[in-house]
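Listed after this line are the structures, all set down as structure tokens.
Common to both upcoming complexes is subunit A, partnered first by subunit B, then by subunit C.
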Partner chain A sequence: MERKVVIPGEVIVEGEDYLPGENTEKRDGKVVSLRYGLAEEQNNLVKVIALSGVYAPRRGNVVVGKIENITQNGWIVDIGCAESAFLSINEVPRYVNKDAMEEVFKIDDMVIAKIWSIGKRGIDLSIKSRGLGKISEGIIFKINPNTVPRVIGKEGSMIKIIKEGTGCNIDIAQNGFVVIEGENIGIEIFAKKVVDFITEKPFISGLTEKVTKFIEENKK
Partner chain B sequence: MTEKFKRGDGRAIDELRQIEAKVGVVPNADGSAMYRSGDTIAIAAVYGPKKMHPQHQQDPSRGQLRCDYNMLSFSVSERIKPGKNRRAMEISEITKWALEPVLILDKYPNQVIDVFIDIIQADAGTRCAGINAASLALAHAGVPMKDMVSSIAVGKLDKTLVVDLTKEEEDFEEGEGPTDIPISMTHSGKITHMQLDGKISAEQLKDAVDLAKGACAKIYEIQKKALKDAVDFEGGK
Partner chain C sequence: MDKVMTTPEPTGERIKKYLREGKRFDGRSLLDFRKITIEKNISKKSEGSVKVKIGKTEMVVGVKLDVSAPYADSPNKGNLMVTAEMLPLSSQRFEAGPPKFDAIELGRVTDRGIRESKFINLEKLCIKEGEKVWTVFVDIYSINDDGNLMDAATIGAVAALKIAKMPKYDEESGKVVYGELSENNIPLTESFPIAVSVHKIGESLIVDPTRQEEDLSECRVTLTNNKGEISSLQKSESKELDVEEMKNIFEISEEASKKILKKIEDNLK
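Let's look at the complex of A and B:
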């Protein structure tokens, strides 16, 4: 089956052979979409990939957040979804003085962290891996979280092109934040333009070639 | 519906006004849509699902829908006072009831979806235009839904049933006078909202629902096209 855009309530495929996957439902032998998105079928499993909507947190996601508040034993972080996340001092790989927690993270600091659990009480974050922690340099901006897989590309192919083309270090968080760190502000803004080029039309054909061309044409 | 009834703008009794629909008109919103039917234009913007404030209104078992219908002060020929009034509050609530049955909100506890509907130009049928725009905007925002909702006003002018009234027709005074029946239904034909302002027999009301069914099918196709055209493949997939 070819990939296609479906709307809520639309019949994607008919027949008993198909199984309903993510964002779909079975109604009288038909697989019906429950969400606006791209429908695709793999091994008779039909699912709908979301094209829009707010970020839905999942375990293992790397996210960028803003320190909202400091509590007795950790920090409350705003990661751009309905539930705010909690970063415990136990999940910080260094000694934390409980009387001077703002020495580690102040309110309004930006932090890159990993979701290590989602429970009834909320989302817990950790910065105990490489590449996680406070963001001190570079520019941060937000893109539509549903276009993140496109910017990263298959096995990181797209992000590699941008990194090589601009010489910037780029981190893309699953909640839609992009952190760009380059030699100077000019090249950082250029890298942002490349990312914006992808997010504007994320589903056009031959995106990789067009991005390569865009970098070549606009690079000074 | 025996003799040929002449409408002011020459439309057939089951003919809709010219419709235009577009999604993504408000870049700041999580989902948005514009719906135009003749001279009536509605814009809907969806924010959320997000945490419900005030906290005491939170429902830990499911998410909630909050609608806000508003007519802009310049939307009618004589300026209306901006802000909430009795009519706007009624339509806000009606819109919520029309849309809530199709939404799947049990995965969003303590959260709320805000829908703001602004009528920027009014020529009758604003609640239906608002519901159509809101349905599009909710789908565009990626909210899980069982089906789309389409809405249309069926009117009775004297003894004739007509679809999609204009303001001129709403003010019709001859014979039995005007009756206005706004109906919202899902694509599968389930009615989620129906109002009645005027007088109509039970028999004729059934005909009115049948007329609305046909009109809603046409509106559904336009809504479907608007959502599908919003994704730019530039030829490829």
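Let's look at the complex of A and C:
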């Protein structure tokens, strides 16, 4: 079966041979899509890669968020989903003076963090790994979270092309935030253009070649 | 205003630094507008409607006419009502419900620009003095907010009024026959109001900001220019301006309004 764009409620395939996968459901022997996205089939398993919708947090995701509030023992962080996340001072790998918590993160600061648990109490973040913490430099912008896998590419192939092509350091968070940092603002904007180019047409085939071409054509 | 992503600080610093060099993120110069497109007659039920796009900013403006009694202080003049709504679909910053400060300001600035430039010949909208006059309703809705709704609203309102046709009026019953449009346009005068908002970011003055840039704006002056004549002025936000800057703003807005006028005329052909 060829890849095709489907809408919620659309019948993707009929027949008992097929199994419903991610974002699909079986109704009266038909596999029906639950999301707007790209339908594909592999070994009789039908799944839909969503193209729109909000970010659904998962454990282990690296996300970018904005400090919303400061509490007694941590920070409330907005990571762009229905719930706010919590960053405890126990998860900050340095000494934190409880009387001067805004010295570490103040309201409106942007942080890059990892989701280490999702429980009944909410989402808990951690910055105890390398590369996590406050973002002090760079252009930060948001893309559709569903296109993040396309920007990263298979095993990071796409992101590698952009990094090499533009000379910028790029961090992509699972919730759709992109942080670009380069030597000057000019190349940062160029890297942003490349990312925008990918997110505008996430479902075309042969994207890697097109991006390589785009970088070569527009490079000054 | 919680749960809203404003421009993050590091990005803001980058924008300001770039503006000092005279450059902007999307490659425009400080005093350039984005591409303006106007789509005509998008609504079947209105007397005239347009969809305005400035870059990614989108607005829908509709004109509707009705017959009603005039106001006591202007018995021989038609009425003009401009209302603006910022729909939640256009940005995550807007919420449903009664218009907030921004939406009220948007409507009133647009209203003032059109009214004070005497764009509509309100005297000709009088049917019977003191008893019956036409009321012109201009409804403005935002569809997508990527900054500069203020200028888009006036461009849309002026364009919609320009193409609107009067509905037929049944003199015997004194009612408007909706659904049947006459050949006549709304009586307009020679003037042509165009709003230009000049924003101050750091030391730079820019026009037509994107959403990111508008977040950083410290002061906004909206001037409605009517072919070189200023018909209304509104200053928002708290930052002060000195005399030199104000003079610059007058020049910038006059220059920009000429360009926009040409663009509107091209689009309405």
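Note that in this section the second predicted complex is superposed on the first by the 220 of 220 C-alpha atoms of A that agree within 3 Å, B and C clash if a C-alpha of one lies under 4 Å from a C-alpha of the other, contacts with A are read in each partner's own complex, and residues count from 1 in each chain.
Methods note: a residue touches a chain if its C-beta (ideal position, glycine included) is under 8 Å from a C-beta of that chain, and two chains touch if they have at least 3 such contacts.
In this text, all values refer to a predicted model and were calculated from it rather than measured experimentally.
J.: After the superposition on A, what does A:209 contact: first (subunit B), second (subunit C), both or neither?
T.: neither
J.: Touching A:155 in the superposition: subunit B (first), subunit C (second), both, neither?
T.: It touches nothing on subunit B or subunit C.
J.: Using the touch definition from the top, say if A:2 reaches subunit B (first), subunit C (second), both or neither.
T.: After superposition on chain A, A:2 lies in contact with subunit B alone.
J.: Count the residues of subunit A touched by subunit B and by subunit C, then name the partner with the higher count.
T.: Comparing subunit B with subunit C, the partner touching more subunit A residues is B.
J.: For A:17, is the partner it touches subunit B (first), subunit C (second), both, or none of the two (neither)?
T.: After superposing on A, A:17 lies clear of both subunit B and subunit C.
J.: For A:51, decide between first (touching subunit B), second (touching subunit C), both and neither.
T.: After superposition on chain A, A:51 lies in contact with subunit B alone.
J.: So, A:135: does it touch subunit B (first), subunit C (second), both, or neither?
T.: A:135 contacts subunit C only, not subunit B.
J.: Is A:201 in contact with subunit B, with subunit C, with both, or with neither (first, second, both, neither)?
T.: first
J.: Show me the residue ranges of subunit C that touch subunit A in the complex, using the header's touch definition.
T.: Touching subunit A from subunit C are residues 2-3, 5-6, 8-11, 14, 17-18, 23, 25, 212.
J.: Please give the residue numbers of subunit A that touch subunit C in the complex, ascending.
T.: Residues in contact with subunit C: 66, 68, 78, 80, 108-110, 135-142, 185, 188-189, 192.
J.: How about subunit A: which of its residues touch subunit B in the complex?
T.: Residues 2-3, 5, 7-10, 23, 25, 34-38, 50-54, 82-83, 146, 201, 203-206.
J.: What residues of subunit B sit close enough to touch subunit A in their complex?
T.: So the residues of subunit B in touch with subunit A come to 30-31, 48-51, 102, 104, 108, 110-111, 139-148, 186-188, 223-224, 227-228, 231-237.
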